[in-house]
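First the structure, in the form of structure tokens, and then the observations on it.
Going by the order they are written in, the chains are A, B, C and D; count residues from 1 in each one.
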Amino acid sequence: MLGRGIWSSVRQGLSRGLSKKVGGWASGEGRKVDIAGIYPPVTTPFTATAEVDYEKLEENLHKLGTFPFRGFVVQGSNGEFPFLTSSERLEVVSRVRQAMPKDKLLLAGSGCESTQATVEMTVSMAQVGADAAIVVTPCYYRGRMSSAALIHHYTKVADLSPIPVVLYSVPANTGLDLPVDAVVTLSQHPNIVGIKDSGGDVTRLGLLVHKTRRQDFQVLAGSAGFLLASYAVGAVGGVCALANVLGPQVCQLERLCLTGQWEDAQKLQHRLIEPNTAVTRRFGIPGLKKTMDWFGYYGGPCRSPLQELSSTDEEALRMDFSSNGWL
Amino acid sequence: MLGRGIWSSVRQGLSRGLSKKVGGWASGEGRKVDIAGIYPPVTTPFTATAEVDYEKLEENLHKLGTFPFRGFVVQGSNGEFPFLTSSERLEVVSRVRQAMPKDKLLLAGSGCESTQATVEMTVSMAQVGADAAIVVTPCYYRGRMSSAALIHHYTKVADLSPIPVVLYSVPANTGLDLPVDAVVTLSQHPNIVGIKDSGGDVTRLGLLVHKTRRQDFQVLAGSAGFLLASYAVGAVGGVCALANVLGPQVCQLERLCLTGQWEDAQKLQHRLIEPNTAVTRRFGIPGLKKTMDWFGYYGGPCRSPLQELSSTDEEALRMDFSSNGWL
Amino acid sequence: MLGRGIWSSVRQGLSRGLSKKVGGWASGEGRKVDIAGIYPPVTTPFTATAEVDYEKLEENLHKLGTFPFRGFVVQGSNGEFPFLTSSERLEVVSRVRQAMPKDKLLLAGSGCESTQATVEMTVSMAQVGADAAIVVTPCYYRGRMSSAALIHHYTKVADLSPIPVVLYSVPANTGLDLPVDAVVTLSQHPNIVGIKDSGGDVTRLGLLVHKTRRQDFQVLAGSAGFLLASYAVGAVGGVCALANVLGPQVCQLERLCLTGQWEDAQKLQHRLIEPNTAVTRRFGIPGLKKTMDWFGYYGGPCRSPLQELSSTDEEALRMDFSSNGWL
Amino acid sequence: MLGRGIWSSVRQGLSRGLSKKVGGWASGEGRKVDIAGIYPPVTTPFTATAEVDYEKLEENLHKLGTFPFRGFVVQGSNGEFPFLTSSERLEVVSRVRQAMPKDKLLLAGSGCESTQATVEMTVSMAQVGADAAIVVTPCYYRGRMSSAALIHHYTKVADLSPIPVVLYSVPANTGLDLPVDAVVTLSQHPNIVGIKDSGGDVTRLGLLVHKTRRQDFQVLAGSAGFLLASYAVGAVGGVCALANVLGPQVCQLERLCLTGQWEDAQKLQHRLIEPNTAVTRRFGIPGLKKTMDWFGYYGGPCRSPLQELSSTDEEALRMDFSSNGWL
């Protein structure tokens, strides 16, 4: 059985029935919340006129709620959060809170460019029901985002957040890798519980696990393409866009990894790589939403400037699923 | 005499006394507004508690207003716009409008990630007195920001903007170069008057000038480091962070270029390269603000997560100015 | 038990006693040579006057020959091959052939920039005793190295090589990733038996394994930092600079992976990441050679322009080993 | 009149009739050789069977010799030097020496990966008639090519070279920019006379001119796309692939710059950007050679792995010339 021992046992004990009252970091027993498991980063459905379609959001959640996810990430990169107003961001989280099963975790993206805005958004996210905040690196001034600056930023946010904080490094969007030394320093903060790392560099992931092993700190893979490899080096779960359409399969991959069935895990992982790349790097959110339409969810349009796929792209997207036996 | 002939003559005729009523693109005579000249991208002063310090902003503007700038860029990258709320962004522009000389242009940064938000911000910027909107490329989903997506974005913004639109490409911040073919297509829009290009690739700048020569379209260099070279290939001005501290010198460089005094221009340009790099790529806005303090303006702190310079960095910054005879 | 089934069974059957007469690809039974296992990419020792020190080379080989490696890579990037003359390259391979145990494989780097030179070097390498040729991507004209060009290059080399060919992608040195589609096409060539991939992107490695599963094609990880993860996604071995100094440990990691002891494998992998980075990306060949001196091998100087480590760097290098319990 | 004063006057005095006996750096008067002017980096013609076609080489040189070039660069990147044997490299230079006019300079590329090989090649190049050596940065171990390593490399080469040395930075091929501080240090070496910089960053070029102004050190632009801008910031010439096909036009651009006819220079520069990009970054040497065929020279095939252009690419190449009035 893989996974970092400390967490595995906590997790087994909890049998995934972890009380929702994960609360803040000042909990009596001094243990941080366990975030191990699989999360779909839910998309934000829009109407034809680009309004947030809260009903479709709820419908999607109802369907997704039937799978053995650990919870949901709301307002991750796939949630088009940069296109939402502050009140839309909060309303989306609030609706997801209502629509999702009570025993699952809600991780809400609360990152903004300024530290102050991030603190305020994090507090608000807690108020509308988030169990933890997932905070993307600020990036517009990436040339000045030294380890020192990022440590200062996240420390401030974690100090003032009523809910646990998950670091979030996604270089494809931000052009910035949260440096390993910064992560190691931040892992010692009592209110920082882990990191979602979407960079895909498993040497780095392994090093993060290794160098934070004396902290209660958990690493989540940020994509399904390297989920098996991430488990192999000590990650405890993943936030996987692909889980929006192949949820049971991603959960099955988790189970195979956690129970040491590596040969089957490898076979399944292989079949998920191309579909995963298709709904992330290759065709982005438009690709993910199009696929959701195919798989019985509501995908719908993106907000502009994200454009619909061309028919050629759509065909290539379909091929990435069908050639691997998923369509 | 360099500069694109068509603009040079317009400009001479106007003797820089261009009526502020530059208005929209639907002006009777069918000519776009002339944006040729030098602009400081003004910084946003903050108090020790990180509030916008509007008084210091006005004081800075009064000092800057005495130089022969064509106008001011407000809410460019140096304005820390990603750290401001929407109302702060508008209030800053409004205050600058009041504090600056009436005969100068106010170019207001109105870029947001979504097309809709950008349109709304652009309209609001016009209402608080901006003469033109300078619109940075959306960038969080840079992997999907194809020419088609960017053309769609800017066309929508320009269609709905009551004021002329200036494209803004700043790859150091956005990780994205607005593609040449997109610029050429957009140059044909009656309400798109030019581009601020901060990438520093003068081959590209020359090509932009060449391929838009049949349009009323103007290219502004986005930095003082390649200002002379930009004039040489047909740019008509520059938005230069350095002009916040060495305003007269940057204007002198413009004059030397426009009057064909290339040897003197070259000597002056040489002495501006290191100071320019220091207040941009090397030490960023913290470097620029520190230098403003030295030169009699109010620089003050940045909003977090931007950090103050270390004393070592401050010394290196000072050296970049003193070794070139500016301090 | 992990590893691609087909190879695992072949390998078990052979009990690592594979006859050296692995021969060319035209072998009767139509099976390609099995290259699964761990290989140190041996360094080229130089005297104080920068002559190749063949005696030290042989001494190193005698020591390395006692570990359960599958074989040796000679003239990989760590062999400083770009600094050797053609005759030195061949002489080094010839000497290694003599000094190494008879039952191990000798993979000789034969890549040159031109196709013709690569063919000639490959033939010569076969003549001096190489079991297989490991061929780096040509890279000086990387802007023109399309899939088509690379497929053409490797096909020609493989057609004319008397020994099996292993593809070699090492973007840190070449600035070029051998594209997945090119690898898949080339995997069908009867004389191309696998790839050494040093890029560290395990999503890509997994995809390579997946898309070549119908061919006799084997993937080797190009570094010890992601060795465990590579096994997890279907790689069958590794060419690991670190094996020059921590040979038994890298072989132990292999054994733990192949026998499914993933928890112990993970612990060991974790302790190898920093030392591995130290002797590759962080301090390069000068770091590797310095470490060899510490571990009882002859490291010695590099050829210029590679420089010796500063004492500060040497201290950091030592720390990367000592903090993980290896010094 | 632009150009760095010191060189301009030397040049005028010499009226381009500079004695070929430019000799080594230990010349009595202590002045370095003047390399100002335009150079085509000559291509290496191959027969259908990929042998060097020395006759075609000579024919090309006879044609090129009629234009007012300052000289020729042989074995630059466009000469496919990585595909030539050492003896071919020397023979090509020897033949060019014979075929070219006596009063022009022959700059021979002598860069190799190791310092020792570069020294030997440089000495040999002098023996076969090169007036100066143009030495590309070693790059395979770019991660270790610090300023210190590169300064050491070039100092050694310049110390031992019987002919002046020109630095050569071409990041598109090498993935490496020769750092400004290294260039400044090296500019003080009595046998290092200048740099060919192909990176296209004119801010950097201007800084190089500025920081070496107290040395006899000359900057050559490495491409025709930014030639005008380079003159504007103080470069004294260019090594331009485009000069192989539009030689008179590139020389005319030089003349317009040197005589201060900037408006005409700008117009001409504009029309050269797309053709220049076409024969360099866009279609590489295959594009350049195809264009040579069109313009009455012998282009012919490249050595493999460089491939011929597709017919689609060939059409796009032709359009880049015809749309600018050159075909």
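Observations on the structure shown:
The definition used in the following text is that a contact is a pair of C-beta atoms (placed from the backbone, for glycine too) under 8 Å apart; a residue touches a chain by one contact, two chains touch by 3 or more.
Here is each chain with its UniProt name: A, B, C, D = 4-hydroxy-2-oxoglutarate aldolase, mitochondrial.
Note that the coordinates shown come from a computational prediction; the quantities given were computed from them, not determined experimentally.
Think of each touching pair as a link: the shortest run of links from subunit A to subunit C has 1 of them.
Centroids of subunit C and subunit D (each the mean of its C-alpha atoms) stand 37 Å apart.
A separation of 51 Å divides the Cα centre of subunit B from that of subunit C. Under the stated contact rule, the graph of chain-to-chain touches is a ring, a single cycle where every chain has exactly two partners.
Listed by label, the pairs of touching chains are A-B, A-C, B-D, C-D.
Residues of subunit A that touch subunit B in their complex: 50, 77, 82-83, 85, 113-117, 138, 140-146, 148-150, 152-153, 156, 172-175, 281, 284-286, 303-307.
Subunit A makes touch with subunit C in their complex at residues 1-2, 5, 200-203, 206-207, 209-210, 213, 223, 225-226, 228-234, 260, 262-263, 265-266, 269-271, 273-274, 276-277.
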